[in-house]
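What follows are several structures.
Shared between the two complexes below is chain A, which has chain B as its partner in the first and chain C in the second.
Right after this comes the complex of A and B.
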């Protein structure tokens, strides 16, 4: 059954409103996790800053360019963190058989599953990211034209899609593999390398991060389009297309796994 | 007559990897093609009409849940045909979902952190239930069970029984044509069981909802099902009215009498007098298992009264429990 975007949008809004309401009622939990999020971001930023106290540039990238990359990756990761956080419990739900409950509703299974959890903490990360981006933007004296902003938005969206694709695919592996947590964890660890220009890695890793575990598309290739438009590899320009393709593939993989799921014997 | 569920010769086989032991074994498993076939459902056919309540019974591992999964569309039969509501469930999983309700005992399908009434509202939107029908349904629920106290409780704070009750209400909310209940009374206390039975019965009567129920509690069967289907090791053993089943095993009834004197001795005397019936005694009662094909209970009682002074008597039907137990143990051959 195909239902319109409006239907899904409306349902999502209602679930979200209810979910937020119930989260607010656990106030201590809410405050502690917000503080935790702020600390994580500050410490991430500190280690970044300390690095630059010792090196004037990394892989030919200046401090502010690196800062731009850093902010860019933070913002790009927000949608995944907020909207697809339930991927983290997929493995458990599949293993215990609880996942079967998602299979009986007359709507898209992927949507239904992900709609159940919205991680508010991601929003704080986005604020950090946007702040960093603007700060770097001003210091790099980048133009503030409509064309630049459009480029920024399009490439941010595609970066998010790549991120989401990686997470979906890694999470969906639990439909076939029992110990899939390591895979998900591995992918999420490697995503930290997305904050660095690929030029600092040796060719082998550069190849891996482009074609095998394409984290280079999370921040590096898209940022190039904005920071160094004169010397951009073709892959950078293509990253929106690649992002859509990767996301679509990961969605198909996820759905294929879910369609084959039949629960535990009971 | 057209049926709401038609099942023709379905079979479901699972491929299970033969696991080896130890570290070396698990390495071997990684590349092993050593599969064993488990036939969970083996050539089952049945037709179910709109409005029926069917008890789907069988010992543990018989294949009940597997059959239900095929009817709801989350499993594809290895062979055979299922049509539910005129559709093949596996091929139209989402469309089928709109017409059915499902409850797996002990596995809630509600939003864990939301109060029940919010879950209901979300379900109303998801199933596109018109507001008037939604209200009418809630009113019906109110008239059947006390839901006021539950409506504003988050599901995660509910007891197992309250949660099961809520899940059943949620399954009926969009007025589906069929509701599948897989062990809905598992783990519940006597009064909650009774409440849930009354509820299912009333909803079936009010809305003509077809109900397929699996259970290990014969109380559920007695309270709800006219028709029962029994399977074992994936094979169909029985499909008919519950009354028919009892007759099928001979029309036995137990006559229990109480009298003065030593019951053990009297029982032996009666056994000699009526060698065609089985007679036993415990501390309070003498039991005579009467086969009504041979003599009516009244005739037996009259004969006994000629000889003994009977102070009290009871008549016991053979229980569903006993019949089902007998079938599980020896099949219907």
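Right after this comes the complex of A and C.
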């Protein structure tokens, strides 16, 4: 089914409104989840702070540079958290047979499935991430030109696409294997690993984290463009292309799994 | 014969854990990646420090501490909060409540199976690898015995805290939020993310006054000291024992009070 962008935008707005209405009836859940999210972020921030109380730098990376990476990874995570959160319930829906209902709609299956849930608490993370980014940005005395901001946005988007690609692929694994929770959980943990600069690893693991498990593309390579503009490696410049490719691949895997779905017969 | 029912629950737990072999495998891979990252991160940190000993801990001390803390975490994590939250939401909890056994012992003995499997699949291999890699940085002597006793107390404290947090789900049904808060607080304040020795002053004192440090910091500090003073051992284990009793008392009390107002969604 091919429909225009305007159609999808309009549909998304309608589904989003329904989802927010149903979320509003669980206000306590929303508040507690948001507090939980903020606690996670504060604890991440605190662990950097405690670390740098004892050590001046980590492998040539200063406190504010590390904070920049951390903030960058948090903001890059937001679209995945907010827009693709329904991936977490995919395996339940697939096993219970409820997934069939998505297969009969005259629109893109992936879009329809993901549009059903918008995770509001991800916005809290974004605010925290942006705050951290600005804080680090000011202390690093980076230039604040339109060109820099444009670069930041482009590279944040590409980092998000990599994270989304990993999550899609892990979620889609439930079409073929049981208990895909562990895979999804593992991919979620990548987010925590992404905040460390790749230069601390030896060449073998630098290779692994770049080409085998592309953790380096979630924060390190994209943020180098802004953080160390005098020496940007080729992989950083290429990261938007790699991100688009990875996302496209994960989308294909997801759709292939969904196309082969035969329901449970109920 | 009193023990038979508990042991059969534990056996069921073991079989259940072994059912998900792929899950275990992925978990081992995940921990491996984490260990690699911890190793390189702290190597870089110590390289920039310029000295070998920071806050009384060498690089290998810190590494052993953090690696074993992760292994302890993996081995003690029983997902009780999730389990309780979900069974309260779906109403399945009524089936457990009807059993001729208290909910507390039911979930403890059921989870014990998973803990045993995880002990052999994650903790023991990690411990042996660390022992071989660091070549004698872990003293092998009487401290192993103190460590074992301490770990048992840790399991008990961790279980009570989990049960306490799980009981909150009766009031809010916000499982995700409650669980993530618990995990964050426990991991940071127990010293599992950064050893407590590195904490700056007011924070360190606060962390030592809370029960969380008894979960990871206590057994690990006992393990890493070759010839600890008897007073230190007594103090550490005594503190753990006190926390174990206090958390058990609180979680039991909270559970009993909450049970009166339980509302179950069908089921």
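The working rule: the second predicted complex is superposed on the first by the 264 of 266 C-alpha atoms of A that agree within 3 Å, B and C clash if a C-alpha of one lies under 4 Å from a C-alpha of the other, contacts with A are read in each partner's own complex, and residues count from 1 in each chain.
We adopt the following convention: contacts are C-beta pairs under 8 Å (C-beta built on N, C-alpha and C of every residue); 3 or more make two chains touch, one makes a residue touch a chain.
This structure is a prediction, so every number in the text was calculated from the model and none was measured.
> Quick one: name whichever of chain B and chain C touches more residues of chain A.
C
> Once the shared chain is lined up, is A:202 touching chain B (first), chain C (second), both, or neither of them?
In the superposition, A:202 touches chain C alone.
> Check whether A:15 is in contact with chain B, with chain C, with both or with neither, and answer first, second, both or neither.
Only chain B; A:15 stays clear of chain C.
> Within the complex, which stretch of chain C touches chain A?
Against chain A, the touching part of chain C is residues 20, 22-23, 26-27, 29-30, 33-34, 36-37, 40-41, 43-45, 47-49, 54-55, 172-174, 176-181, 184-185, 187-188, 193-194, 198-200, 203.
> If you look only at chain A, which of its residues touch chain B in the complex?
Going by the criterion above, the answer is residues 1, 10-11, 14-15, 18-19, 22-23, 97-98, 100-101, 103-108, 116, 259, 261-263, 265-266.
> Quick one: which bits of chain A touch chain C in the complex? Just the residue numbers, please.
Contacts found on chain A: 26, 28-29, 32-37, 39-40, 43, 46-47, 50-51, 53-60, 177-179, 181-183, 185-186, 189, 193, 196, 199-202, 205, 213.
> Using the touch definition up top, name the residues of chain B that touch chain A in the complex.
So the residues of chain B touching chain A come out as 65-66, 69, 72-75, 93-95, 97-98, 100, 102, 104, 107-109, 111, 113-114, 118, 121-122, 125-127, 154, 182.
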